[in-house]
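Shared between the two complexes below is subunit A, which has subunit B as its partner in the first and subunit C in the second.
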Partner chain A sequence: MDFSMAPGTFLFEAWQARASLLQGLGVTMLSSALSIVIATVCGLAMGVALAYGWWWLRLVARLYVDLMRGIPLLVLILFTYYGLALFGINVPAFWAGVIALGAFATAHVAENFRGAVQSVPAGQMEAAKAIGLTFGKRLSYVILPQAVRRMLPPWVNTALEIVKGTTLLSIIGVVELLLSAQQAMARNYMIIDFYLLTTALYVAINFTLAQLGASLERRFSYLRY
Partner chain B sequence: MIDYHFDWSVIARNADKLTDALLLGLGLAVVSLLIGSVIGLLAAYARVSGKAWLSAPVWAYVEFIRCTPLLLLIFFLYFGLPEFDVTFLDKTQSFVLSLSLYAGAYMCEVFRAGLASIPKQYVEAAKAIGLRPWQRQAYVILPVMFRITLPSIGNNLISLFKDTSLAAAIAVPELTFTARQINANTFRVMEVWLTASALYLASAYLIAMMLRLLERRYASIR
Partner chain C sequence: MTEPALLQARDVRKSFGQVEVLKGIDLTVSQGQVVSLIGASGSGKTTFLRCINLLEEHDGGEILLDGDPVGYIMAGERRKRLSETRISAQRARLGMVFQQFNLFPHLTAAANVMLGLTKVQGKSDAEAREIAQHWLGRVGLADRSGHYPYQLSGGQQQRVAIARAVAMQPRLLLFDEVTSALDPELVAEVLSVMQGLAESGMTMLLVSHEMMFVRDVSHHVVFLDQGKVAQAGPPGEIFGNPGNDRLKSFLGRFHGLFGRG
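Now for the complex of A and B:
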């Protein structure tokens, strides 16, 4: 690789494409962040339904979680993208993708929440009931502070999966990092260089997330129920 | 949506195409799992070898693959390898290579955990009855490890099957690609994507059920 800035070299071309690459990186980060927020909020609500809901609510939530985990993310994205238009909802590809990603990750967060909450020994819930706490107080003062330590490491993994999943938005034409790099390649044919650059960026983001998850896991490794 | 009339004849007309596509996806997943398992097993042995020059590259490989989006890996190999004059791979083979490398990293972690969870007494007993090192591996450690890791291998197969949908991006005619094609030709959006989703779901459940039977038969040793 030639590291001078003369026209026709990789650094020159990368500098030429900096605006669109940075914009692509921004779209990747924004879509990831939005999906993570949607998945966390909806996933927690669905997790409560999975763990403590009436039987019919549990059934619906369980059905949703199993559906989402059995269908490939790409099919969900394409289905959302083409399907929403049928309902007269004309959303841009970006939002169709974020909705699909969020709906997909909601199932993972919900299942993770259920597992974490149910790993808290039953005696804790019984003791909280015995001293007369209401359901909301039992959850927020007794169960959640213990369950959250179990939830954080897999939650970070879900976030990592979402960041990786945003590359699929390129297939429905959202110009995120991968597609913006491919657009640069279409101009200068520097396929290897630009794929390496893109890979390095993804690895940088995801490795940071993975280390965060691992450090959380170590932080809470004293937990033994 | 109120005006949407379902017309399932589109699916009936393309039934054989969809079946072929589904079978291709299953085949891609199984082949990738097999190659990935070989890579993963070698990598896992390198990882537990205790030699830094063996385990460090494997660590880098596993972390690199886990942090790279699969779609990027697929594009990289499909468009990038010809730059290195590797032109004999067609798109299906190139996809299998990507998915195998991807699976290899995950299988390495599975096997590493499996090797670590083999009870010490098994190895000691094998030594005590005078088995040679390779006999210990072939008759004691590997069979036990495969039984312990069977559920994880199964989970990996299912997620690899779902990942074969990404082959659509480089025009491998598997289920997602075929569904997209029928969708573009007929614009029967609901029928096509409901069918594709149902086929993926049903296959994933069928695999899961078969694996549960297998697990019951080769119950893991406790």
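Now for the complex of A and C:
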């Protein structure tokens, strides 16, 4: 690889494409962040439903989780974008992608959360009941603080999967990092160089996320049993 | 009986699936009394205790706490289950100490005691801390208030659990085999805390296999056998003159304790 800045070199071409690449990177990070937030909030709610809901609520949540785990993410994204349009619901490609990713990851977060909550010994819930805490307080002061450390590692995994999953949004025309790189390649044919660049950027994002997760885990390491 | 009954159970029944665990239990606990439940494993002692604070729901009969049925209200002839909030409020009037301590592992000893005071009784942090400190002192753990449960021995953990229950000033304290999970050399420290509580006039209902302790501390002893009250009376009568054959054979297993001397 020639690292000089002369025309026709990788650095030159990358510099030429910097605006669209940066924008693509921004779209990747924004869609990831939004999907992670949606998946976390909805996943926690659905996890509570799975663990403690009335039987019909558990059934609905269970059906949703199994459905989402069975559908390929790409199919879900295509369905959200084109399928909803058939019903007259026009969702912009970016939002269709975020909704699909969020809905997909919600199922994973919900299942992880249910597992984490149910791994807290039954006696903890009983002790919390015995001092008279209501359901919401039992959850927030006793169960969640103990479940959070157990659900953190799978939650980080889900977040990494979401970041990687945003590449699929290029199929429905969202110019995220991958598509913006491919657009640059279409001009300069430096395919290996630009794929290496995008690879490095994805790894950098996910490495940062994983480090963040690890530091959170250390923060909760006071939980011992 | 002259004093009004604090806890009154009448014909309490409970089944798990096909198995009837409680076959009509009657029991009365008056203010300031210490009542002990004894009996073999599977006789229903623990289930009965758990029905009182609604960790299990009884299917028949009634349990009255200060005259109010626990877990439901009567709507005409029909029972109407209480709301989650009302059930929690009833539980807050009772304290319970468990066999496995069940301290909250993410909280210090003081924070374990404070949680109910602040989040159930709405006390300020400062006030709750003061109360927690007082009760941790009473159970001999004033210098351990900042320790997490994993930093404490089993006996110390159980004493924190007692402090957590008693700090809420419950009408009645329930003890569910609280020394059964302890190493033998740690049992005495927990029993002596319980003895202190009994002497201070705390109303207590305990399930225990510590027969010497039961004999010394109880006002009333109830022997459960196969889900029924087989014999009940003052400890002198239960231990000194067990009329019931099953009680005799049950106590016979503790013969080493009562036979000598």
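Keep this in mind: the second predicted complex is superposed on the first by the 210 of 225 C-alpha atoms of A that agree within 3 Å, B and C clash if a C-alpha of one lies under 4 Å from a C-alpha of the other, contacts with A are read in each partner's own complex, and residues count from 1 in each chain.
Keep in mind that, in the parts below, a residue touches a chain if its C-beta (ideal position, glycine included) is under 8 Å from a C-beta of that chain, and two chains touch if they have at least 3 such contacts.
Predicted, not measured: the structure shown is a model, and the values here were computed from it.
Judged by the touch definition given at the top, the superposed model places A:Asn206 against subunit B, while subunit C stays out of reach.
Looking at the superposed arrangement, the partner reaching more residues of subunit A, out of subunit B and subunit C, is B.
Touch criterion met: A:Phe87 reaches subunit B, while subunit C stays clear of it. Looking at the shared chain after the overlay, A:Phe135 reaches subunit C, while subunit B stays out of its contact range. After overlaying the two complexes on the shared chain, residue contacts for A:Ser170 are found with subunit B alone; subunit C is out of touch. Put simply, subunit C touches subunit A in their complex at residues 53-55, 84-85, 88-89, 91-96, 98, 100, 102-106, 115-116, 119-120, 148, 150, 161, 164-165, 168.
The residues of subunit B lying in touch with subunit A in their complex are 1, 4, 63-64, 66-72, 75-76, 79-80, 83, 162-166, 168-169, 176, 179-180, 183, 189-190, 193, 196-197, 200-201, 204-205.
Those residues of subunit A lying in contact with subunit B across their complex are 67, 70-76, 78-79, 82-83, 85-88, 160, 163-168, 170-171, 178, 182, 185, 191-192, 195, 198-199, 202-203, 206-207, 210. Only residues 121, 123-124, 126-135, 137, 141-142, 145-146, 222-225 of subunit A touch subunit C when the two sit together in their complex.
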